[in-house]
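Presented sequentially are two complexes of subunit A, the first with subunit B as partner and the second with subunit C.
The block that comes next holds the complex of A and B.
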């Protein structure tokens, strides 16, 4: 499965778990702070991606780049793969 | 690993903070939603510098200013906290780090017994985090802002003894990556 699909699927799961209403559909331009997923949701999403994909770019990067949009978030994980 | 730290706001910060505060995202979640001019911001900073019952911090992510954490109505017994993110390019989950920082600073540095948190009912993210952290919730209240607009506030508080009993259980529920960032958070105090 492509990273974008994996992240999309996980976001849906995490949103249900944390009772968040995601702004659908998520586009590459969707600003993460406006996505509907809250901080707890994002923290869980990052942890799940580490557990299931072995990826933790925010800890592993020498110079950390933080995402502003959904597209940037996906791109960071695609680069980390 | 991402490093979050907090330092006292300085005069050189106030223009950036004013831009953040006037942004739609931040302004719409404040009680007072009037546009803040440069003069008004200057006057506010001059008052804050003289004040013993407020503290305002810049939140830094890897040394870059991203938002504000503030404490107001500080007495020996209690205070209220609030925050906002001015930048959109932030660590996913940063709200949890700020949530922890508010509790740690108020109980460990200010040594108050009670921490209050009031948010607009339209602002869902902080409310869900307050509940996750175990804040007590009071009845909503209606406030009237400087423009005469009535706004509904969700009101929360935390007692120090409760946090001392709860914090381990709360931190055990937090995802490990963000917990590491929380544990490395610094307050740069004089």
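The block that comes next holds the complex of A and C.
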């Protein structure tokens, strides 16, 4: 499965778990803070990606850059693969 | 200006400010000092029966909340600051003020309890809800003088415009409110829930001072509009401040003065650090006020004992000394800090263990780059689980009904049994 698909699927799952309503469709330009996922949901998404994909790009960064858009977020995980 | 030694009420102190100057701003309008004073006096007039009573203030509208604060200080005997979410705590709080009587809510006024009222008001006590070092929330009483002891007036004649990002009923939010009101500043609040909208509103109102937790600052730096902010004063607190967030803030706001504060509801304001580095200088340690004992930071508590003394309390924060600097290591016994919200693993475990689907559970912290920490749990199911994914969803749905949102373990691991350490305690690390 492509990274974008994996992230998309997890976002839907996390949103259900945290009672957040995702503003669909998510495009590369979607600003993360406008996606409907709150900061707790976003934190859970990052933790689930670490657990399930073994990827922890934020902790591995020497200079932490926080993604602004969905596209930037996916790109960080794609380059961490 | 140092308010520590004066016993004036909030309203009396506001009376010393320039009456026509702007004091409060929200999206709807600006409030001058005299308009705030007038509104507070009107509240006193309309609710004269509140004189000498203990009032639980649980208004969500920030402007209303502040107007009521101004009215009640020096008028009510006690003000218990709360949010409607806290009411569930208040019901099983054993330490409610004995004379608590009136609950001020968005939906109106309610009697909470009926008891004797105090008639002789010298100084109103401000009661703040805390989770403290035990699993049960408790109330800590402060005087206005204590709460405002670290308020400073606008430097170089400037009057800072403080944006309120914290919840108004919490210690940190109150610090921002008092700094603006008593430090010749202006307080800007927003009715919006979305951070990007709040920041936009702060940009429009020319906010130049902001205070938030490191987790919240990380969120601010993710907004579209933060670059339009022109900040001269930045405050961080409530969580361990690391060098990364300090550097990011310096990069985003090169000319701003950045300080991190150490404060707790139990002890009041501790100290602040302005040198742009994590931790604090060893020179701040003072016997009887701020000490390191056995790796823990101890500070002078706000509460007064029966014989009228303030005693040193263990902050529960573990620290280490490196040369002339003291660094924070974290909280004792695995208390989990989810974006500034304390979660007590033992109390969450007790609630989860009560579910019929669960035989045993261990709740622990999982470090997280967004929130600092998240709550995770090892679960021993009470029956054979065929579909783990749907069982997780079923369990999370149940836990959401008995726990606060940030307390629910969203990372679940199924186990045969929960491992214990040598002293038969659940391991926390």
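Going forward, the second predicted complex is superposed on the first by the 81 of 81 C-alpha atoms of A that agree within 3 Å, B and C clash if a C-alpha of one lies under 4 Å from a C-alpha of the other, contacts with A are read in each partner's own complex, and residues count from 1 in each chain.
Basically, a contact is a pair of C-beta atoms (placed from the backbone, for glycine too) under 8 Å apart; a residue touches a chain by one contact, two chains touch by 3 or more.
The model shown is predicted, which means the values in this text are computed figures rather than measured ones.
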item	value
Combined model on subunit A: subunit C and subunit B, fit or clash	clash
First, second, both or neither for A:16, with subunit B first and subunit C second	second
Which of subunit B and subunit C A:73 touches, first, second, both or neither	first
Which superposed partner A:42 touches (first subunit B, second subunit C, both, neither)	both
Clash with subunit B, by subunit C stretch, listed 37-45, 217-225 or 289-297	217-225
Common interface positions of subunit A, toward subunit B and toward subunit C	18-19, 31-34, 39-40, 42-44, 46-47, 56, 58-59, 64, 66-68
Contact set on subunit C toward subunit A in their complex	194-196, 215, 218-219, 221-224, 244, 248, 338-339, 366-371, 374, 376, 393, 396, 400, 405-406, 410-411
Subunit A residues within the subunit B interface of the complex	18-20, 31-34, 38-40, 42-47, 50, 56, 58-59, 64, 66-68, 73
For the subunit A and subunit C complex, residues of the former touching the latter	14, 16-19, 31-34, 39-40, 42-44, 46-48, 51, 56, 58-59, 64, 66-68
Subunit B residues touching subunit A - in the complex, by the definition given at the top	1-2, 25, 61-62, 85, 88-96, 99, 124-125, 128-129, 132, 174-178, 180
